[in-house]
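So, here's a batch of structures to check.
Paired with chain B in one complex and with chain C in the other, chain A is shared by the two complexes that follow.
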Partner chain A sequence: MARLLLLLWSLGPMLWQLYSSLRPSAALSGTGAGGWTLEHYRQLLQGDPPFLTYLLNSAVVGICSTALTLALAVPCAYALTRIGRRQARSLTLLVATAAGFPAVLLFLALLELARDWHLANQLLALSLPYAGLCLPLAILLLQAAFADIPIELEEAALIEGMGLWQRLRWVLLPLMAPAMASSALLVFLFSWNEYPIALTWLSRTDLLTLAPAMARIAGSSVFTIPYGAFAAATVLGSAPLILLMLLFQKQIISGLTQGAMKG
Partner chain B sequence: MNHSGSATFNGLELRALSRRVGSHTLVDQLSLQVAPGEILALLGPSGCGKSSTLRLIAGLDSASSGEIRLGGRSITGLPPAERQVAMVFQSYALFPHLSVERNLSLGMELRGVARAEIKRELDQVLTLMQLDGLRQRKPAELSGGQRQRMALARALIRRPALFLLDEPMSNLDAQLRDNLRAELRTLLRSTGVPVVYVTHDQHEAMGLADRIAVLREGRLQQLGTAETLYRDPANRFVARFLGSPSINLIERGNEQLGLRPERLELVEAGSPVPQGWEALEGQLSHREWLGDRVISHLTCPGHGNLKVLSNTPTSGEALQVRWRKADALRFEARSGERLPGSRPDQPS
Partner chain C sequence: MRWRLWLLMAPALALLLAIFAAPFLHYLWLSTQAQSVLTGLNPEPIGAQQWLRLWNDSRFWQDTWQTLRFSATSVSLEMLLGLAVALLLDQPLRGRGVLRTISLLPWALPTTVMALGWRWIFNDPYGPINRLLAGLGLPAIPSLSNPAITWMATVGADTWKTTPFVALLLLAGLQTIPADLYEAAALEGATPWQTLRRITLPLLTPYLLIALLFRLAQALGVFDLIQVLTGGGPAGSTESLALYAYLNAMRFLDFGYSATLLLGSFAILLLLCGTAALVWRWGSRLLGELR
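And now, the complex of A and B:
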């Protein structure tokens, strides 16, 4: 019973959105009769630009940010677990501070940067601040995972004559897969949901990512709130994330709980 | 140690090898030789520098001073990959995500060995180590003994010029360890290369190795066969480390007498002491009955507790413990150095 309540509590808003997206506008504002409709979805998908463009933009930015973050975080985390303990401790503290830094304070500075370096309205350029903001957390996660791999494994590989790249490729990274999957997903989620930077860096309609695009739908009319269209956008926007979660849930859970079992 | 012929020495040779980390000396001026086909055990309590020595030889840590020579050339500065050493780790360090087969072949694959040759070597080693039916298993699906064989197989398949083992038996239960000792000895001997075997277990060292080097705080205490170390220990540390039950030590002024438990005899209290013998009177505190032998624990007033190993239990509580004067090892009380004049036991 308690579990059912908990499930309703967490799934309720999503189900409500799904319900709202399938009801005609009149029914939602309480003036018309009931019934079901796909009108909101049709409207979104046939809009100009079609809603799929936003999804695609978000996916491109998300994948790019994730790749960039991992490409930087893996070597950082590896180095942090292999340098002396004392240096590692102060550097890790620095990284943790960076992870805890309130990103809101950076928006204006980032906007200045975008203007100076002509990064505005460049879809892929969004990956730079996203990767930057996610990097500290990703490093901490991966560092914990690297530290969990016994050093003898790498030494055994060293004695076998494997070079640094071979040790990473054949021994360490395969063992890091759960941690990398969960870090990657966190970064992807962040960039999928990120709003303020996307809002300020992008102005061309066909380049918008999901969050600012949805804000435009919500604010498209002064007089009415398009509940139905907004709900449909929410459903379409969260569907890929839910799919990702379902696909990788095993890795994510084992990655996030890594180190929890061992003292 | 005699270094005169060492320029042409074919095995492993350490020359005044040292490793210091900060102000801490892990290995201190260690010199020894291991001939091809010889098994040398590095024996000592934890923290004595035996594993550090092994890591120096493997090239995992770098030496602060001294030299490591293998097959007549210096390998002190070479990276581990170029030393042609194989090492069996205490944890076995098997790659958990790879099958038995891939664990063994990965190194060769990456070195670019031809596929046919890899297959031939794999077949040979897997058959030798009785792992043939387990090729596709992951390490987690193997028993402790199988994992150990797998670690040995991975070392063997390298065809190393030097074999290093770091407490390879410590993860096995006592029964299996006893059974494997002879097998492992034969296997290691058959490689025909120098073998360095690190252990803190005296039984393992005595049962497996041709010679034993006892280490303490990074310094070599004594190097010799098990029998030499047992009968003719260089100092109190070596005498106490070898032998089970351990040697009895009784204070005698600024000397200590070392008495092996099996060299003590128990007789009725107040018995006359024969010529050339010494005796103490004591009270029996308890007995350990081991089936084939009995360990009697005696409390001797003013001398502490003595352990006596005998074949048959004695009756009575008040006893006399006695020994041949020649059987007692004499140590300087403070330094623990063996004093001259106490001669080694004659084999009986």
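And now, the complex of A and C:
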């Protein structure tokens, strides 16, 4: 019984969107007959720019931010586990505080950064603030994973005469794969969903990522509200994420819980 | 050897400083500057005037109250529901893994996407809620047009989205509690309520605190949901501090005051999270002594 309630609570609103997106506009406002239609999807996909552009933009920013975050966080997390207790503890505390900070309060300063460095309306440049905002969580996750690797393993590699880079590449990183996958997924989710910075950095319609595009669709018509199109947009906007969640639920869940426990 | 470790950390630390620390210095400076349309968007020093303006700005205090109301209500709901869901998912039931994944879906969706969805769900008269009410012969709820109700709609949408996150954290906490404790309690004839109060909750405390602090900080910075779902309306009744700061910068082009507002919001956030952590610590110590 309780399980059914939970299922209904989680899925209900989404199923309603799916249902609405397939119904003709007249049926939604109660004036016309029933029936089913793909009209709303056609409208979105043929819009200017087509809806898929936003999804593509979000995917590009997401992948780029993920790569940048990992490239910065892996060496940092490694160094934190090797640098000695005292410094590591205070640095970790700072990083954990940053992990909980609401990013929206930073938007104005980041906007000026974008202006000064001519980063506005550059899709890939968004990865810079995104990587910065995701670093705390990624560092915490990776640091915990590095700490779990027995130090003897690295010492053995050191005796074999392997350099720092070789040790990282051939000994440590293969063992880090699960933690790196979790962090990568969480960074990707974050940048896919991020709104205030994308909103202030991007103004060209063909560069918008999904979140600001949705808001723009919402703001486009206050009075004659095209709810069928809204619903279709929510469905198309959530579908990739739902797929991601279903495919990688284990990594995402372990990343989230690990991140909180270390933080 | 040591300097090489610092070298490895340097790029990440530099970016962290640029993203998290530099903004504050910049805001501190900008809050003492007039930089708006009136000054041709050039900064001009005006001392503490904007802080005075903040102090006397009734819209700031109204938004503070509204943000606090939103945060307190939604975070308490999320903690309660999250605990209930976590306890449910901790039971060894069939289909637990699938249920856990499904219940986490709302958290994974972009806030703006579902905010748009909620606008349709709360629609008067064609949304499902009001259709259902009409079917039962009840009056419709003007969820998005009545200042007394709209803020509750925003709380509802936020609770829907973030309860799964709280539940997941608490579930991780529940799974660290050794099963023999429960077995011992059952042998002693403890009721489920006693088990919850004497074993589960005390051992869950660190997780509850993390979830609380994290959610409180995020809720106090609420922006996406409000901006898309209500735009701060009706009549500014759901406007949050972050939205007010955003409007000042992007619509009124008053950057100096926007920075002042952001610092003000940050001060409130710091104050509340600090108080919450302290109260929690004292409270649990007091309870520990009483027990």
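By definition in this document, the second predicted complex is superposed on the first by the 248 of 263 C-alpha atoms of A that agree within 3 Å, B and C clash if a C-alpha of one lies under 4 Å from a C-alpha of the other, contacts with A are read in each partner's own complex, and residues count from 1 in each chain.
Throughout what follows, contacts are C-beta pairs under 8 Å (C-beta built on N, C-alpha and C of every residue); 3 or more make two chains touch, one makes a residue touch a chain.
These numbers come from a predicted model, not from an experiment.
Touched residues of chain A, counted separately for chain B and chain C, are more numerous for C.
When the two complexes are overlaid on their common chain A, residue A:241 makes contact with chain C while staying clear of chain B. Once the two complexes are laid over each other on the shared chain, residue contacts for A:150 go to chain B alone; chain C is not touched.
Of the two partner chains placed by the overlay, neither chain B nor chain C lies in contact with A:1.
In the superposed model, A:100 lies in contact with chain C only, and not with chain B. In the superposition on chain A, no chain A position is in contact with chain B in one complex as well as with chain C in the other. Of all residues in chain A, only 2-3, 6-7, 9-11, 13-14, 16-17, 20, 28-30, 72-73, 75-76, 78-80, 82-83, 95, 98, 100-113, 128-129, 131-133, 135-136, 139, 164, 189, 192-193, 195-196, 200, 210-212, 214-215, 217-219, 225, 227, 230-231, 233-234, 237-238, 241-242, 244-246, 249, 252-253, 256-257, 260-261, 263 touch chain C in the complex they form. Those residues of chain A that touch chain B in the shared complex are 150, 152-153, 155-162, 166, 170-171, 174-175. Contacts from chain B toward chain A in the complex involve residues 58-60, 80-82, 85-87, 89-91, 93-97, 106-107, 110-111, 154, 158. Listed in rising order, the residues of chain C touching chain A in the complex are 2, 4-6, 8-9, 11-13, 15-16, 18-20, 22-23, 26-27, 30, 85, 88, 93, 95, 99-106, 108-121, 123, 125-126, 128, 160, 164-165, 168-169, 171-172, 207, 210-211, 213-214, 217-218, 220-221, 223-224, 227-228, 231, 242, 245-246, 249-250, 255, 258-259, 262, 265-266, 269.
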